[in-house]
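Read from first to last, the chains carry the letters A, B, C and D; within each, the first residue is number 1.
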Amino acid sequence: MTTASIVGGSGYGGGELLRLLLAHPCVEIKQVTSRSHLGEYVYQVHPNLRKRTQLKFSDPGALEPVDILFLAQPHGQAQHHIQEYAKLSPRIIDLAADFRLRDAALYEKWYGEKHAAPEWLSKFVYGLPELHRADMLAAKYISGVGCNATASNLALLPLVKAELLDFSSPIFIEIKVGSSEGGAEGNSGSLHSERANVIRTFSAFGHRHTAEVIQEMGLSPQCISLTMTAVDVVRGVLATAHAKVKAGVVTKDLWKAYRAVANENPFLRVVKEQRGIYRVPEPKILAGSNYSDLGFELDESNGHIVAMCAIDNLMKGASGSAVQSMNLMMGWEETLGLEFMGLHPI
Amino acid sequence: MTTASIVGGSGYGGGELLRLLLAHPCVEIKQVTSRSHLGEYVYQVHPNLRKRTQLKFSDPGALEPVDILFLAQPHGQAQHHIQEYAKLSPRIIDLAADFRLRDAALYEKWYGEKHAAPEWLSKFVYGLPELHRADMLAAKYISGVGCNATASNLALLPLVKAELLDFSSPIFIEIKVGSSEGGAEGNSGSLHSERANVIRTFSAFGHRHTAEVIQEMGLSPQCISLTMTAVDVVRGVLATAHAKVKAGVVTKDLWKAYRAVANENPFLRVVKEQRGIYRVPEPKILAGSNYSDLGFELDESNGHIVAMCAIDNLMKGASGSAVQSMNLMMGWEETLGLEFMGLHPI
Amino acid sequence: MTTASIVGGSGYGGGELLRLLLAHPCVEIKQVTSRSHLGEYVYQVHPNLRKRTQLKFSDPGALEPVDILFLAQPHGQAQHHIQEYAKLSPRIIDLAADFRLRDAALYEKWYGEKHAAPEWLSKFVYGLPELHRADMLAAKYISGVGCNATASNLALLPLVKAELLDFSSPIFIEIKVGSSEGGAEGNSGSLHSERANVIRTFSAFGHRHTAEVIQEMGLSPQCISLTMTAVDVVRGVLATAHAKVKAGVVTKDLWKAYRAVANENPFLRVVKEQRGIYRVPEPKILAGSNYSDLGFELDESNGHIVAMCAIDNLMKGASGSAVQSMNLMMGWEETLGLEFMGLHPI
Amino acid sequence: MTTASIVGGSGYGGGELLRLLLAHPCVEIKQVTSRSHLGEYVYQVHPNLRKRTQLKFSDPGALEPVDILFLAQPHGQAQHHIQEYAKLSPRIIDLAADFRLRDAALYEKWYGEKHAAPEWLSKFVYGLPELHRADMLAAKYISGVGCNATASNLALLPLVKAELLDFSSPIFIEIKVGSSEGGAEGNSGSLHSERANVIRTFSAFGHRHTAEVIQEMGLSPQCISLTMTAVDVVRGVLATAHAKVKAGVVTKDLWKAYRAVANENPFLRVVKEQRGIYRVPEPKILAGSNYSDLGFELDESNGHIVAMCAIDNLMKGASGSAVQSMNLMMGWEETLGLEFMGLHPI
């Protein structure tokens, strides 16, 4: 068995990771740390884990060596301790934003501060297997992914890969998100009585995850915009991207591009039905699943394309991609421990 | 007292209208019709009206003359009976889509069928007081408004009126809607177990309400697109419009334009706060209210503007605007019977 | 105009009260206090009030004399300052729990501490007009009501008044509540991601509101039990009471008892339909309304009665009853300012 | 591989069963029937299954022999065709209510009609493994369970097994349920706009599932009552049972009784925490899981016990128990294919 520990296990990303690793056939969990819940059973914070583990939250200062170390802390902490972590484990997967960007200047621009360990940025592979599968096979350090960035990158992936987009037109990505994105701490606007029933466009542009879309899709910052709207669900992200295709591109070309990426990637699915209730990608049915559902509509009269991507922000947008990355890094079957299909209805 | 009747009172628009007219100080309701609920007390269908009225649904074939007739039937019926209705009442306000468009060709293009009474189109004033207040003072026939069209038109109004938009760039309007838009009949996708928790982009483009935005904002069909996403609320529409402002336009210009329309219109409010939970327009707090909350964010680096409008689809997007139109038509105070402030929290 | 001020206006009860008083035809609001939001516009906290008032939150230490003073602070504060408040205003209505109980010993038992101003307890009338209308006409000091107590008391009222209950059997009241009961501060369990989708029986028995049911219904503490379950709504309480009727009592007797209380009380309605969707009392349609909907089912085979009461916890369960009490105290029409019918659908 | 087919696979119970069997390591699915969706891919109805199976719905009239046949039709159909089904398969598990009751008279009383195949009633084992594990090991025919009956039976199980209840007092069970209980067909009250935000006590007593509680707990019909309240979730049941314990029973006795049943049953857990958010059983975290969480509170002053049980109605309350029953019947590990832990947050 491969040993693994999780630094920062009381948050939502850490809890989801814990759930996945507990069920993973090749992994044995050694430690899960939490300062605020030190000594408590992990199931007291993540009640779904009751009767599945007797693990208690341990002290982050007392970490023992393991085969693979997961960092699931709030953003901004890992970069200050990465040297220590690297001494404890030959392989690190960081779910936070600390090592997602390759360029320290890009980091500084979007995060408003100098990076504390810029020399480490080049050692990390960006943690979306659909974009960096080959690199992951040989990687020691893999970053996390922003959930909104992931929905955006996967919405654009078939179009960018097949070179169908007209980059002279701007790309507007409208992203609708659930409350679990706000984390287990929340803020005054996260109170149920204030957050229920919302349709709240809380960020018109400037969201930090934009940097990951710029980097991974190779876009000019001027041409891409992410707009974030909070809606009344707990889990789930839907990205609806508006862009222009190149002159002459028709629906048939798009089908070909989408089918290609779905065939190459076990967790990508194309959803575009003519009948039934579920004709387009929807995060609703993806809770707990690592799938990313993709769809599109093309207005052939003017080349306007609406490209959609639905994910569970805590799975494909965080912990699911981390486990998928681990599988690749370790040479295991890519889908191992990620077989849950999601629920209908829910 | 002015007498009024409602044709089609068992639907959501008709029910909301009934609630407003029951509380209106100048109106006496004579009849409310419903074929499917004939003979039932109106409060059996609209339980909020219990102890407020002993009205029963009457036969639409037995309408009596009144001072003002409201039509709240499903789309496509009023145009076949408009002559008869005009004999019963000197003033008609139609909530359906039958008389919203001035151009029979535009109607045919978006509704896929010839209009049954094209000669009546020019007799109707489009039912959004913020756009046609002066005309309403002398009108006899006023149409309804599409709820999504209303959120879109009001999102664009300050920008169009002040001539701040660069029409050479496309306008993408992302609209999030609640389930009451689907009406009291619904479809298989409206079942709670399928509709709860959704983020469902059910119409990428081509929604019929687009025609009203084209007509009222004077836009080229090629430059405007409405994308509809269903979310888990019952009431409420948020339109988030993406567009480009003309070169040189800065935030200060936008403040001026927004304040101008808010000052001229009692139900328009500008919401753009730097603190607190409610910094942007949100439909959540508008349930039952006739307000339309407007907001914006401008990226001065590239001229990208995100303009937001929140309404209650059954109020400002339907029955509230109808009552406001009636007030103008009758020469009454514009806000009469529309004083409800909405609730917080909800 | 009668002048009124609200001490503690940034909470949910205070905000709802403010909404009602702003629309009240006989009242002019002088001050609304809040320590934490001092100097902010009230609409920044209660966004539904935007464009309806330019009031700012003022310092509770700078209260001026008024005709009627409303106290809407968290429980436990008013009893320490009641002397000062009484100097500022001849009439006081307190929404908190400080003066609801007549007996200092009962207070100590349920609240776990000695009352700070026991000599004031006898000066207050319990604030439910349906129970103390006559006393209110002459009252100077009126307490608030617990929302769960109100739903329970009104569920039992027709049965107790008509002396139909067999008190030798216990009365179990199952109460389902929305998140606004938790107040604008909330706790870790109030975070949307933890509070959404809940069915959480957070108090099996021992809830403080039980004391108000014991006092007002004249029950033995041993025979009454309130069980609280949180569900996924913001506003609303449904009390479902299980009890036994006296031998020989049949459904006809119950109809008589229910109709009697509904006839005597403008805000009580009996809901017991054989058809349609809304056959039983439901808080859903009561948001913003002061109605209390009552219903019942009797199993004649064993005398088991299920008595239901639905209210909006912030209206009939708090601020609505307070305004209704004020109307009686001032000799005004009881329903003044409380005419809002509630919404359907919502 | 053991072959299995599902009759009636387009409903919610059938869909959940299909999901579980697709992931089961010992089962191969041969056919899934549906008249209304004949020829469609199963993933068009159950979109979570996309990319996991290419099965299409087949004709129920063209069933082939299999090792185990699951019946997931609406209630009332299986009893008319049981002879034919028995020729096709040596083992049958029926999810509907047709064969849950052992006594034809009890069936007639609660279902209001004569049973069509009373001679088959004694051949079936009631499908709750926690009650009939031993019998299932040798069974050929196993019935389904009512979801509300299951929540009730498991809430009472520790108390009944340890003989702690005082049956001279009535047992009131308050059950809160999600919308998926209404099935994929629903009714007018199931429309999202009418069903959202509800707290609707739709059945005060007389619910058919009561018969299963009477039968399985060995109760007198006079002493037990189930009251059903619909709340705004899709999945989940919480039963809150009110009863009296025998004189002298204290909390320590209850802990012993609860721990005993939890130790003997892999899917039963006791939830009774002094800290954290999740102190009591809640269905929220059980979506997709086969766990049943049990909790209790005892008022030692009067012997009133509140016993709680939370389940996912489609899992432990239907398809999960069916798969668990199959595992026992086939001599497999009881938990096989039922390992999903549920999600937090959700």
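Rule of thumb we're sticking to: a residue touches a chain if its C-beta (ideal position, glycine included) is under 8 Å from a C-beta of that chain, and two chains touch if they have at least 3 such contacts.
Predicted, not measured: the structure shown is a model, and the values here were computed from it.
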Self-check item: Smallest number of contact steps required from chain A to reach chain C
Solution: 1
Quiz item: Which neighbours do chain B and chain C have in common?
Solution: A, D
Quiz item: Using the average of all C-alpha atoms in each chain as its centre, how far is it in Å between chain B and chain D?
Solution: 45
Practice problem: Compute the distance, rounded to whole Å, between the mean C-alpha positions of chain A and chain B. | Solution: 38
Self-check item: Whole-Å gap separating chain A and chain D, where each centre is the average of the chain's CA atoms
Solution: 35
Exercise. Give me the residues of chain B that touch two or more other chains.
Key: 12, 180, 184, 193, 197, 232-234, 282, 345-346
Quiz prompt | Contact set on chain C toward chain B in their complex | solution = 12, 15-16, 19, 22-23, 40, 44-52, 180, 184, 234-235, 266, 269, 271, 273, 275-276, 278, 282, 285-289, 291, 293, 339-346
Quiz item: Which chain A residues qualify as touching chain B in the complex?
Solution: 169-170, 172, 174, 176, 188-189, 193-194, 197-202, 204-206, 222, 225, 227, 229, 231-233, 236, 238, 240, 242, 277, 279-284, 297, 299, 301-302, 304, 306, 308, 310, 345-346
Exercise. Write out the stretch or stretches of chain D touching chain B in their complex.
Key: 12, 178-180, 182, 184, 186, 190-193, 195-197, 232-234
